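Here come two complexes built around chain A, the first alongside chain B, the second alongside chain C.
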Partner chain A sequence: MRTSSKWEDIRLILHYTGKIIIGVAALDLIPLATALASGEYASAVDFLLSFGAALTLGAGLSAFGVTTRRPGWMHGMVTAGVSWLVAMVVAALPYWLSGHYRGYLDCMFDVMSGLTTTGIVLIQDLDHISDSLNMWRHLLTFVGGQGIIVFALALFADGTGGGYGFYVGEGKDERLFPSVLHTAKAIWRISILYLVIGTAALWIAGMVIGLSPARAFLHGLWIYMAAWSTGGFAPMSQNILYYHSDLFEVITFLFFTVGSFNFALHSAVLRGDRKELVRNIETLSFGTTLSLLTFVVCAGLIKLHVYPDIVALVRKGFYQLASAHTTTGFMTVYPRQFATEWGDVAVFALIVAMLIGGSACSTAGGFKGLRIGILFKAIVQETRQMLRPNSAVVVQKFRYHGTKILSAQQVRSAALIVLMYVVIFAIATLAGCLAGYPLLDSAFESASVTGNVGLSIGISNTAMPAGLKIVYIFNMWAGRLEFMAILASLGFVSAIFKKRSI
Partner chain B sequence: MSQFSTRVRTVPIISGIVAELVFAFALGLVGCLISVAAVLFMGI
Partner chain C sequence: MKSAVLFASMTILSVLTALAPVPAEAQARQEIQSPKGMPTKNDSSARVPVVQLVERAVQYDGTEVEIEGEIIGDLMSRGDHAWLSILDGGTAVGVWATAEDITVVSFLGRYSTRGDRLRVRGVMHRACPEHGGDLDIHATSVEVVERGRAEFHPVNAGRLTAAIMLSATGGGLLVFWRRRERKVKKP
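Up next, the complex of A and B:
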């Protein structure tokens, strides 16, 4: 990158952040239309104000930073980190205007929870909020799952140089096509295809259980958005338990599992390469850890006689585990049941599942099955190396969109990301303990926010200390962006103080 | 020759910046007007 002043760098970052905020402003139009269609005129004014304010800020930042320079890799990374924080502040305005929150921090918490597809909420009286506010909540988690930068790239990109930096900064590193712009559009095409199928399936399921066609459609749309993006939001405070429907549970399980798979895998399967589905290291890793942890959860629940029969055991145990492992956060039990009924063994398995998470380049969080698979292959390679003469060269292969040879760089990168996840998980656990919560409860909630899951053991509520809310917001942000954009942003701030350009 | 090539390169860049600025200011103005209208609606 050519040398330039730090001021030029800041302007460039603000310019692209402004464009992303204009994209966030455009999103306000959907709940605005919902409010007008539902006759919720007070909410319509809230969204009108939020739209105007976001548009003004986005346009202001964009105009302020207009420059002839093209963004480089680092500009993209820093913009990714910064824009998520600015989007959090901007998108919180409709929440605050709704009157369902105790303060702006709670609003920002819920926005970050939505955008990062975590799913923990601090909203008050969720069961009686307007349709337009529900639309906003679920829209944030749907767009956040694909990535707000992927959304902005699909809307505004013109083959911008440095686009790959924006894309990777948002925690995605798999190009479906050589061009980032085509990749962003392909991700949205895949999501919209499933949107139609998923909403239709849940709409029918809603009518089968007795909801009116209009309610069934809205609930189906919102639940689909939360399932596909592995977000875990639901329009009712009882989450999926509200529906008391095995049909709903089966459909949501299918969509959140499919949503947790790599977009490149979706692309390969849609192109007809179905073998990739059963050979890919991520799906093998996911299948293996899900099976092992199902066994542990069931053993823990059987030991304590939590459920009266095997059907209830599998229905409750497997659903919560799959929801945890795909980092969705849908629940068919009450939060305090984890602490008071499930016991340490089952809760431990859920914590492990939440930390592992779903696939790379998907809507899921956690440190991802790909990295577990790579680390497992590295252990196998090391073991094979030990059993052979020193001069022998052991080559370890794995299948990940083609056959790959395991490299030291891949192992180091996977190990570092897992290590950073464990560090911020430990910090949030410690913060929970310092706030006075038991260790297991703190670890559970910490794993949930760090892995962008959304299952709660009851810690996350509006009464928890503000410091803990800020720690959880940071973990959701860092966990979703997989640290690179965070480290780049910190490096950028450091460069500013040291008067260097990036 | 060098003057000619400089003009060819510079004009589109400058007009691109002007277009971006005009577009951003127009969006900002629309955003301001909408915000003010919404605040007035809230007052009613």
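Up next, the complex of A and C:
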């Protein structure tokens, strides 16, 4: 690897980026079919144009970079970082053609929000967009949840190679099977299984609450996609509040909670290992922090008499908290109600929940329950060590798909990632304050984009400064890929300037 | 080193945002938050923008209000009542109306239709006890101000031509890539 030329490295990275863009082109065919089925011919032309543009770019890059070399670890990492940015630019084209955006930056913001399963939107007049554009929005978030590289790995089963770097670069490091290819396919099998169950449940619920069968099906499919991927998009501007339904809220709660769990946990449970569900460090961590934060949110809301009874407290307080903690972003309140009614205590609890996030190797964002659990175990270990003689060796164990012994390397790795999240969270908070927003509002929005959540306190809209949009795009991207691919990409750019290969 | 460059870039970008003017919407929000002209309970209703209802929900809670806007989405029947959504100035609000009230509706605003413009009077709830804490309006009257219409979205011939040309080019490149790959990777 060290002896190869940088030109060969670039070709290899462009080749695999091209394959991922061809995957994006293939996705365009689904909203294209939706447009034709719905009689939205103008929209169908937009998607055909987007398909053609993505295919031309993707196939062009792939053809240009054809090589006999196999991708190495760093090629995978850099490709992951670069391809998410290129995919953002390419997938924004249908948004721009729709005429529902005030600029291409807003289109790219919404694509990054979708792919990273964040869920904050800058779209204009959402309530009048076509079915095909809604399909595109929710498809992006659904595929982004699994990972666009995982999607490409599953799509190009014979050609993407087996680079583990591609997989890890996308913020996933848990192999369900020894082969990355089989792992990618397993992730998709699990997602499709839940897609069928979730869409059916929400379709029936939609008809029960008064939607027509056709609208109930589309809304059910889209809401499921956004719930499972912890994306938080919805076809109407009022988000989940639009449905005014406790049934809808219960079903979405179930699917976004399940969606925030580790794919390895799903795989274990589907194989019959149900004990893992209650003993795994991530589910224990999630259960603990959710319980503690529920107490804080409820205390804050009760103190200010925000809701009239326990039902409203659960449907508003607990639902928004669970949505925040799983990094979904579904809302049954208006963004400005957080700022004007909820008070500092409840908003603070939501910020903490958004930063902690869901499970590793899932569709969720944030620090991840695994890292919080590891850091907690490290504190316990250190405390026990202090209470024992110097010569004593304290071994700390935890359950994570088998019993593991806590190592210094695991603690260091978890602490570094959490630290990097905190740093970019602080920078985006500062950016919000510099743009003229109050500190708590800025921290809330920053936690939401950094943790890929999607709850908003009202800052994110098309009128916010372009610089702030770019900071938020960066945080969504960095938060989703968990820094490694971004650092690798920066290292690659640096290597180009220093005229050495990676 | 790489991390330092990354975080330094982010900090510079943050500082650059400070040079941007405070968004008009933030200024408008500050104006909305000023307490003058607040309604009191049992005020006779005057037309209120929906965005203002949300922003000043605490003050409007329990008062009779009048809103005007386009009906969008769906009429969701629930027994002898139904939910409808009124869009006004980019913000939508749920209205709980009787089945009789909604018989006046002809067009629901969607992609292919502009919905009827309705004037709704009713009692605004910041956290409705009857509906799980939803911010909503319980309508006492619903009337049509302006009838909706079908919206046509004609196909853009220029885009169609570009779409066909790009798809053909992309297809050609795809074939070229696969052939080239087979040729290069042939043992």
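Observations
In this section, the second predicted complex is superposed on the first by the 495 of 502 C-alpha atoms of A that agree within 3 Å, B and C clash if a C-alpha of one lies under 4 Å from a C-alpha of the other, contacts with A are read in each partner's own complex, and residues count from 1 in each chain.
Basically, contacts are C-beta pairs under 8 Å (C-beta built on N, C-alpha and C of every residue); 3 or more make two chains touch, one makes a residue touch a chain.
Because the structure is a prediction, the values reported are computed rather than measured.
Of the two partner chains placed around the shared chain by superposition, chain C is the only one that A:Thr332 touches, whereas chain B remains out of contact.
In the superposition on chain A, no contact is made by A:Leu193 with either chain B or chain C.
Once the two complexes are overlaid on the shared chain, A:Ala25 sits against chain B and chain C alike.
With both structures placed on the common chain, the touch criterion links A:Thr68 to chain B and to chain C. Judged by the touch definition given at the top, the superposed model places A:Ala59 against both chain B and chain C.
Look at A:Val45: by the touch rule set out above, it reaches both chain B and chain C. Once the two complexes are overlaid on the shared chain, A:Ile379 sits clear of chain B and of chain C alike. Look at A:Ile204: by the touch rule set out above, it reaches neither chain B nor chain C. Residue by residue along chain A, chain B and chain C are tallied for touches, and C comes out ahead. In the superposition on chain A, A:His128 makes contact with chain C only, while chain B stays out of contact range. The interface of chain A with chain B overlaps its interface with chain C at residues 18, 22, 25, 45-46, 48-49, 51-56, 58-60, 62-63, 66-68.
Against chain C, in their complex, chain A makes its touches with residues 18, 22, 25, 40-43, 45-46, 48-49, 51-56, 58-60, 62-63, 66-68, 97, 124-125, 127-131, 159, 209-212, 215, 236-238, 241-244, 246, 306-309, 311-313, 315-316, 332-334, 336-337, 340-341, 420, 423-424, 427-428, 430-431, 434-437, 458, 461, 463-468, 470-471, 474, 486-487, 490-491, 494. On the chain C side of its complex with chain A, the touching residues are 2-3, 5-7, 10-11, 13-26, 29, 54-58, 72-78, 82-83, 85, 87, 90-94, 96, 109-112, 126-127, 129, 131-136, 153-156, 159-160, 162-171, 173-174, 176-177, 180-181, 184-185. Touching chain A in their complex are the following residues of chain B: 13, 17, 20-21, 24-28, 30-39, 41-42.
Across the interface of their complex, chain B is touched by residues 18, 22, 25, 45-46, 48-49, 51-60, 62-63, 66-68 of chain A.
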